[in-house]
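Each chain carries a letter (A, B and C) given by its place in the written order, and its residues are counted from 1.
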Amino acid sequence: MSGILNSSIGRKFAMALSALFLMVFLLQHFTINLLSVISEDTFNTVSHFMGTFWLVQFVLQPVLIFGVIFHFIMGFVLEVRNRNARQISYAKNNGSANSTWMSRNMIWSGLAILAFMGLHFYDFWFPEINTKFIEGDMSGLLPNGEFRYFEELQHKFVDVWRVVLYCVAFVFLALHLLHGFSSAFQSTGANNKYTKGLQGFGKAYAIIIPLGFVFIAVFHYLNQ
Amino acid sequence: MNLTLKIWRQKNANDKGKMVDYQVGDISGDMSFLEMLDVLNDQLINKGEEPVAFDHDCREGICGMCSLYINGEAHGPDRGVTTCQLHMRMFKDGDTIFIEPFRAKAFPVIKDLVVDRSAFDRIQHAGGFISVNTSGNTIDANAIPVNKHDADDAFSAATCIGCGACVASCKNSSAMLYVGAKVSQFALLPQGKIEATDRVLNMVKQMDDEGFGNCTNTGACEVECPKGISLENIARMNREYLSAALKG
Amino acid sequence: MALDSKTPQGPIAEKWTNYKNNIDLVNPANKRNIDVIVVGTGLAGGSAAATLAELGYNVKAFCFQDSPRRAHSIAAQGGINAAKNYQGDGDSTYRLFYDTVKGGDYRSREANVYRLAEVSANIIDQCVAQGVPFAREYGGLLDNRSFGGVLVSRTFYAAGQTGQQLLLGAYSAMNRQIGRGKIKMYNRHEMLDVVVVDGKARGIIARNLVTGEIERHSAHAVVLGTGGYGNVFFLSTNAMGSNVTAAWKAHKRGSYFANPCYTQIHPTCIPVSGDHQSKLTLMSESLRNDGRIWVPKNMEDVTAIREGRLKPIEIAEENRDYYLERRYPAFGNLVPRDVASRAAKERCDAGYGVNATGEAVYLDFASAIQRYGKEQAIVKHLDVNDKALIKKLGQEVVKNKYGNLFQMYEKIVDQDPYNTPMMIYPAVHYTMGGLWVDYNLMTTVPGLYAIGEANFSDHGANRLGASALMQGLADGYFVLPYTIGDYLSNDIRTGAISTESPEFDQAEKEVKERINFFISNKGSHSVDYFHKKLGKIMWNKVGMSRNVQGLTEAISEIKALREEFWKEVRVPGTNEEFNEELAKAGRVADYLELGELFAKDALAREESCGGHFREDAVELEGEQKGEAKRDDENFAYVAAWEYKGEPSAAVLHKEQLEFKDIELKQRSYK
């Protein structure tokens, strides 16, 4: 298998597999977040379950982190190799004549998402790890005895600038997905009579999910 | 019509090279792009300057020798044609036209607009064939029927002219469409299936060794390909490669 | 030297088999010690290089393009003939042989043509095994189409790109051998001389077109698969780089040049649009199946059209002259290529040409569109009187058949051929003449072979459609690999040929002197200036129809032009770099000599046959009045010219052609 990763096609395949995995994760993340709009209690229950269940915390979470890091590093490796494949650039290049902006700028949309993840980790993941594994408080409760998850979520969307940053990041996520979804299938070799339908589904996914995240962020900002 | 040309001039592989401006007049819309360059070269020779070197041969769009990155696109703004079949009626009086060589690390410039595409040949040496002897002692041509759809798809893949527009158009200088077309042609035919595993592994390895970039599925290659080679060929090669790599 | 065709004895159907059974072979261990140079990598050269390497010889292959895959065989559209008889329509080796000899107007060598027909079926087997994607039927078996002038369906094809697919097949076979190290490939190299040592071809001098370096390459035999010389006309359907240099150098080193005047002028090409034109584009012969060829009957209509006051569709049916249907009621628009070309020239010379240059006729699909449209309407139970509907349905049918050609036409001419007639005019397409070879495909220099279009042997005075691909591959895959072994069996003890010999020194010196001359000559005209002038002389006086006066003038004009060339040619740049003008200068210098020999040959052949039409050799009366008149009594020979310093001094040697298996007849299309 290590031989495969040394080939261009193998690297793209690995990139596609990590992407497909992250897209599944994204769907899961979105579903749980959506619960916060529908029912505070359900959101809290599910959040507590996800935050304390050993399989999620000690198996799925490390896999996810690995997936994110892998996707990022591999993306970066590919970008360096690709740039190296053309050492003198064109004086005039009309890229928009033959391809979409999204497909040509995955590295930039990806970096924007990466930057957002820094903020997102600072907002949620680091405090969460701190509370659970450094302070050792696995209860998931506030001093008043209620679950802390919904409360913390709402608290983050008080600042308008943070809401705006989140929304901008979701736009980049949409751009990244608009190309990434169908590209992942092409890289794994799936191009057949279902491709047209799959591309349509991909477009819908790439727009609906980020739009949903935007909705959730704005919803909480407006419902303080 | 009168035109301003901005052309890449580079004495040889070691020269740094630069864009140089030229003026040409009296260009008719019926001229092909290369005939317009003939006019320029005739001017230059008569002035005692060196003509612009560019590759060309059949001038009917099939040999794949002509190249040129014209106004930011391989083979220029028209679709489904090579540079030799691009006609000047696609341009307007007073236009400025950028003319650059196909750029890729794997395609070093030889002179001006002429590049060395022998990397493409070396990929074919690695596996772009079916290992049968050419002595004529083979089975009858109709002994193995071939599904018509497969034969047609194999033909479509085989119409690649090896011009390198895919590499030039790809932001990563990837040769996946070129290699995918050859892998597909043979993978679709019963005669080619026998050594399909070795073929795809060897050709992809050579492609990587030559310094072409990775495919990002932008689809630019398919749009700019003068023969309309489909992206399906890249997907097919990905499948062939992955299953071959897993088999070992 | 008397010409000996070395044709084996015995009945024609057994000659090749007997020959193969009796030749000397080289054992595999010895083949490893023998080197062969192959120049040119088209269908003939590419297939020969691959097969020789596979047999075990060390092959060095040369092409001037950047890859062997670009050779001009790639541009062949229609198909490849083979006597497979898959359609069960009565085809056979004999019938293919007969059609080819008759199509060549009885000026080819019977034994060679029979061998060609015999191995033709094997080509298809071979190519399919190599992965050539021929067109197939739904049942999975190979499809055939029918081609000009024959009564059976024997043409195998891959859409309109048969030449491309066959060439890529040969290229892939070469790649396999290059990968194994059995072929050493020299791209962007041009052969500039043959080296003859002790009377045998022992190597070549080549120029590296990238660095300008002059290289010596030695071998035990040299094979030329360097194509035809149609570019002597400047404008032709050949590639820009196609040239006669390799064949001409061989001629100068002792190979006789046969029948240089046999040129095929293809009737359906896109007309010249102006002086800038660099090359002509062929539209497949298949278009004549449905297109009707015409010019206006009245001169005032011609003038109005040229001035843009009248459109061709506005000319009434009775004011059109469908001259092929008028002159040849039996064959109509489907007369052979040479007849159709001359008829177009006759009308244009009479002033009826329909474009600004006066050199174009119409190829009209309107009646085909009507006919197909009505058929479709009846099949689909629609209104046969709805004119718009009929036209739409008809256009769809025509699009399915010729869509890619119509699109190509529209790109080049910027007119929509569905709604206005195409304009076409004949153009130089193929040269049947070439280096004289014997049955072994060896020229008059021992060890120097010529295959494919570069030799003269199989097509006589006119080539049938879809036969060029067949000949190239037959020579390269199946004929040369046998015949060359017979010769090389005498060389197993020779050892490697040294490039350090007086003959190599001399050849290299001559090549370098010529290059230095071009670089240092401070002339006033570019190479193309002379090439275009030569082309004009050739086209006007040695073109589709020839007469004594024109040919005599052409000979002296070409000679004068050649002298001017050597004084006034201007080549920019240096030798030590990529310099296309320098390469072109050498090629045009050779064309300026060949052109004269070409005219001389045409002058000496006082008959009309195939592509060679003499105005003084026509039928004077009867039904065939005005048609070409062959003279079998006096001219049933191959004219093989020996080089003697100047083209004018060339000496004619005759190989008398014998027809034992075919009766000579006049071709009639009335």
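Structure notes:
One rule holds for everything that comes next: a residue touches a chain if its C-beta (ideal position, glycine included) is under 8 Å from a C-beta of that chain, and two chains touch if they have at least 3 such contacts.
Keep in mind the model is a prediction, meaning the values are calculated, not measured.
The chains in contact with chain B and with chain C alike: there are none. Comparing chain C-alpha centroids with the centroid of the full set of protein C-alpha atoms picks out B as the closest. In this assembly, the C-alpha centroid of chain B lies 26 Å from the C-alpha centroid of chain C.
Averaged Cα coordinates give chain A a centre that lies 37 Å from the centre of chain B.
Centres computed as Cα averages put chain A at a distance of 63 Å from chain C. Listed for chain B are no residues, as none touches two or more other chains.
Of all residues in chain B, only 6, 8, 17, 19, 69, 71-73, 77, 98, 100, 103-106, 169, 171-174, 176, 204-205, 207-208, 211-220, 223-224, 231-232, 234-242, 245-246 touch chain A in the complex they form.
Residues 3-4, 7-13, 78, 81-82, 84-95, 97-100, 103-104, 106, 179, 182-183, 186-191 of chain A touch chain B in their complex. Here chain B touches chain C in the complex through residues 11-12, 28-32, 34-35, 38-39, 42, 44-46, 48-51, 53, 55-65, 78, 80-81, 85, 87, 89, 110-111, 114, 116-118, 120-121, 124-136, 138-142, 145-148, 151-152, 154-155, 158-159, 161-162, 185-186, 189, 191-192, going by the rule given at the top. Those residues of chain C lying in contact with chain B across their complex are 47, 50-51, 54-55, 65-72, 74-75, 84, 86, 119, 122-131, 133-142, 158-159, 161, 164-165, 168, 171-173, 175-176, 178-179, 185, 187, 210, 237, 239-241, 273-274, 276-279, 281-282, 407-408, 411-414, 477-478, 481, 526, 528, 570, 572-573, 577-578, 580-581.
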